[in-house]
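Both of the next two complexes hold chain A, though its partner changes from chain B to chain C.
Let's look at the complex of A and B:
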């Protein structure tokens, strides 16, 4: 085994926050190492240092035994390190080919060698089974395709060490499976990989070795076959984590009713006649392959779009003005799917983000002036109650790690005590401990009498939290089934659109 | 109606179009280059004034005309560097910095001018660029003077349109420039430093702006006076939006504006009873209209006006 990469004694501080402390890590040729850790444990920071994007306060990075100069991505790329960023580093208005080729040629060359680049790219796509149209704009690609572009970018630079920061957080299960097939193909061809993930199933299935970070330090290192999911979860969080159990529901009156909602042209995939009823004190789970209208449905219920036809009733009263402030006033809380784009404003502080949705309520403003003290106090309350770590009331929310940002958004939505909660992919990108916390909060909201509309691609999550489950296929909802009767096979049939078979199955059981 | 026809039929009008367009072409290319890497440069109005002064002063004190152009370019690049330092590594507001540079560069130009020429009732003139006779074709009827009888800087400006278009769309450098304006994080991740690239591009763009100013003193008016740029810089900023950040369309926009301007000048002299200010307004009004139509389809560089700080998320 040749050692291709070695990090030794890496320490990195951001002001008062120590993101990495004396971290050492190595990677052998052809190996897949999984880096595990809670949100904010310092995984992205460590990989950014390795890639030369951040400069470490102490420690060294060696590739093939040679030390990399700190803070220079170019040097890392030339040494054969490629990185797939947690938040894709792509320019949406440029073509796939442009995104891949930029920076790979000497800048002063009078003509960019397009046809050679195209041929090389085609070769790579072939070799690793990663296909994307090189001429389409990145803006027009799905997340899965963007990810392929990111990987191709690294491969195009002849990377031999590939780092993937939460590559599957935004992928569907099928896409994730394809990705891991590709990754195995890569190690077969001599590449070495480090990937970050919160999904323990993946880690157990794909990694040879697991390194666990907690609070910026390496707390454990295990060969995959010598460990278990439970042990890893415990190592990550430092205590035993168990996802909460769903107590029996006590449904009340219908709080949200959709009658034949139709919408096309806005918000992505269209809705072609969506009807459902949600009772207070129950959770309705909506599953489906992404791109079937779930994002549109979430947007519509939260007031982002008005339907072309059909009606949305909140506690029996029809919503006539479809706007976010009206939705909030009607008692609809929301956890948006894309927290960076729709859930928070990166350059505003935590407290501004926390109260922005309700800034006109008397609680937070009086005579057109913001009541800062009250707003700060309320934010501090959320930070405490929801265990938001890594920043204070006045820090910019951009500095929070993904999981901590999600906790703040959840706290914001629930502190208004909504009658209806729309939760879209609430635990995407969260660590095991945070998922347990988010689930507990969602169950709490349900116990308090809120109706929860849970839209999620994670079937385990849906089964754990929902009382009833529907699938969305082609902008239409399947009939609901009680989640206690659901199994993977039935849910699969439902998501495939074979509702009759899924229903018969129920009779057979 | 026949009045309008007479004006359109006169060779003088068409000859004037390219001449009037030249400083706009320089300026528009300059703004375009800055904005393509993601930085607004409202210093243009002052940088053009400063370029006009430096070009004139160089020639007035004995330099030749091309030395004057080069000196103007250098002066522009110096102000470009100032703008770049304030807006790129320091990340200050690009609006405020740009306007500040316009005020500073304009006043500084006048100050230096007054030091050089303390008392003069009429501004002193220099011997300007002469119309060329390209390929010996300037004597052809109509197209001769219009296309082949312009001054050398006009041809330089036209050549620069082609060069810039080539650089932006065909070279590795251009690709990097575009990515700096679309997503500097992505560029950094590819191992190119967006900060250095932005600084250089702003300097080059500002040099172009200053050359546009120098054209005014070295080929159009032959002398310097402090108000001579007269909003041309602002027009360039608008033309870039009109052009949707594309060099070829920038040329088109500059020509269009120049045409309106040349046309209204001639209309003023033949139409009576209408205040001449109305004619003066016309090209600007038409530009606003064109802008409203075109800007809706424009594709803005996504990172325009967003400072990039390394090691920040």
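Let's look at the complex of A and C:
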């Protein structure tokens, strides 16, 4: 096998922080290497050095044996290295073809050679099975399609080494599987790939070899067939991490009931008659392919929207004013789906973020003035109680890592002792350690007697935490099945809308 | 060369940035003064002397600072909540016109002076509010870009003022000049220094700057307005009533700009002309940016701007350098300030 890429002794410091220390790794032709590590382990920094976004303090990068000049992205591209970023760098108002051609032609060429570009692109799509309509606007594409465009963009530049930064972070399970099939196809044709991930499942499924990064150093390197998920988890985190187990439920009275909720036109996909009952001390998991109404349902229960028709009852009493303060006052705690866009305001301090949703309560304001001392004290309490690390009460919340931000959001929702907790995608994008912490808190809330409505695309999470599971399809809920009876096949049928086949023994609640 | 976001912008830096920006602007303007054939140091000394060196200069500088503080505050509170009120100039004129209109009501002359002043101030603020609430309502209801509407309403407002003072509000005793009927004496603000134009409006402006700062920093409304400006989606998720918050911000901003016009009439001129404002409304935007949207910073930025304008007038008489150098310096300081603000948030890496 030919060695196509070699990083040797890469060290990079940012001020006092060492992001990478003496990292060496190599990539052979036709190989898929996973770069595994928790958030902050230095994966993205390392790949940015390889791609010339950063200059390393020490170490060399060689492609096909030739050393790359540091800090020059163009040199990396010319050497055949392509990068697919986690956050797409596409112009939504341009077509797919425009996006791909942009930057590949000299500026002073008077006419863009479109037909040649189109033919080359068609050839690439054909060769790798990556189909996207070249004339559609990027704004109209799904997330999965956008990613295909990103990959095509790299391939169009004749990349032979492709780096994918957390490629599945924004994809649904099905899209992720399709992506991995494509990646296999690409290595079959002689390309070499590195993908960055902190998800053990996909590393085991897709990679030939795994390089584990922790605290900026390479701590282990394993062939995938010679390792296990447990071993990798331990290597990645540095200690044994187990997700907490769910004790048997002791359901109490119904705390939240939805009766034929309908809503269209706001909050994304519409709801077409959603009914469910959630008991105190139990967790109801709602699974589904994204875009089937789960975001709308979470928003509605969170108080963001009023339904067009139908009723939402909290402890038997109908909610008449659908507004956030009313939802919170009724005892609903809320974990938003997108913690950066909805859950926190990056440039406000931790304490402002922690109390904003309850600023109207006498605890945090009096006669229109913020009770800053009480607010700071309450925030300090959350920081202590929920083990939020990385910033103080007065620091801006953008300094927190995703996991710590989520802990603060959890603490904010749970410190009011809610009877109901709506948790939408509570562990999306978090690393193993943070997931375990979030899960423990959700189980704790359930044990304390809260009813937990868990809306998640992560089936492992839903099975681990829920007592009953329903699928949302086209704005309707499937009948519930006990999660102990659930398996991947059955959940797949439920999410596909084939409820009759999924629920021979299902019972509606 | 690349820019990297500073994770923890230092406090010292955010204080030094505006000072550095002004120094940089003065350096560049100094080159222009040198090209015009004078010694920049002499020119700056003359500017300072013109602005502070005499009783008259000093009082004129503060008189000019007064409306600039108010229009600066108007822009600062709006921009904090990402309400792009570019219509300060129009709101200023409408506020001034409202005072002139109230002044024509005979009953006003019968009121005790403090009450008359209060009525006039309220009328001016209300007129400014109305002029901003229209475009703001259009934005909230239909998504109409308020940058365009507030900007264009400036011309509508100034032309409306012109229409009124050439027509129904024209002073018959002004020898045909287009100006409004003067307001009665009991609505005139008391002067602060004898035989100068410096009036109590300065105290009003200073008090309002402190009040606005306090409201923004300490009140539930201030927190909501900042949240709504930084991230409307997250603010909505936290239950901040977006429309109500932005409308209140609009009332505050339009009210301050309208009050600036009202105070200018009540303190300086007693009547309205179409040259009442040497672009106070637009200068307010520059001043708000110079102050980094901090209400207390607005006081300093307004003073800087007033010093440049008043000082440059006397400097240009002495050195025959065009007094436009004041415009150039203030404009340059805005540009350098934008760079300075950027550098407080990012560092340069190679």
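One rule holds in what follows: the second predicted complex is superposed on the first by the 411 of 509 C-alpha atoms of A that agree within 3 Å, B and C clash if a C-alpha of one lies under 4 Å from a C-alpha of the other, contacts with A are read in each partner's own complex, and residues count from 1 in each chain.
Rule of thumb we're sticking to: a residue touches a chain if its C-beta (ideal position, glycine included) is under 8 Å from a C-beta of that chain, and two chains touch if they have at least 3 such contacts.
The model shown is predicted, which means the values in this text are computed figures rather than measured ones.
By the document's definition of touching, neither partner reaches A:204: not chain B, not chain C.
Look at A:106: by the touch rule set out above, it reaches chain B but stays clear of chain C.
When the two complexes are overlaid on their common chain A, residue A:137 makes contact with neither chain B nor chain C. After overlaying the two complexes on the shared chain, residue contacts for A:249 are found with neither chain B nor chain C.
Within the superposed three-chain model, A:399 lies in touch with chain B and with chain C [touch as defined at top]. Residues common to the contacts of chain A with chain B and with chain C across the two structures: 55, 399. On the chain A side of its complex with chain B, the touching residues are 51, 53-55, 72-74, 76-78, 83, 85, 87, 89-94, 98-99, 101-112, 153, 398-399. Of all residues in chain C, those touching chain A in their complex are 7-8, 218-221, 223-224, 226-227, 230-231, 233-240, 350.
Chain A contributes residues 55, 302-304, 323-325, 328, 334, 336, 341-348, 352, 356-357, 359-360, 365, 368-370, 372, 395, 399 to its touches with chain C in the complex. On chain B, the positions that touch chain A within their shared complex are 170-176, 178-179, 182-183, 185-192, 299, 301-302, 310-313.
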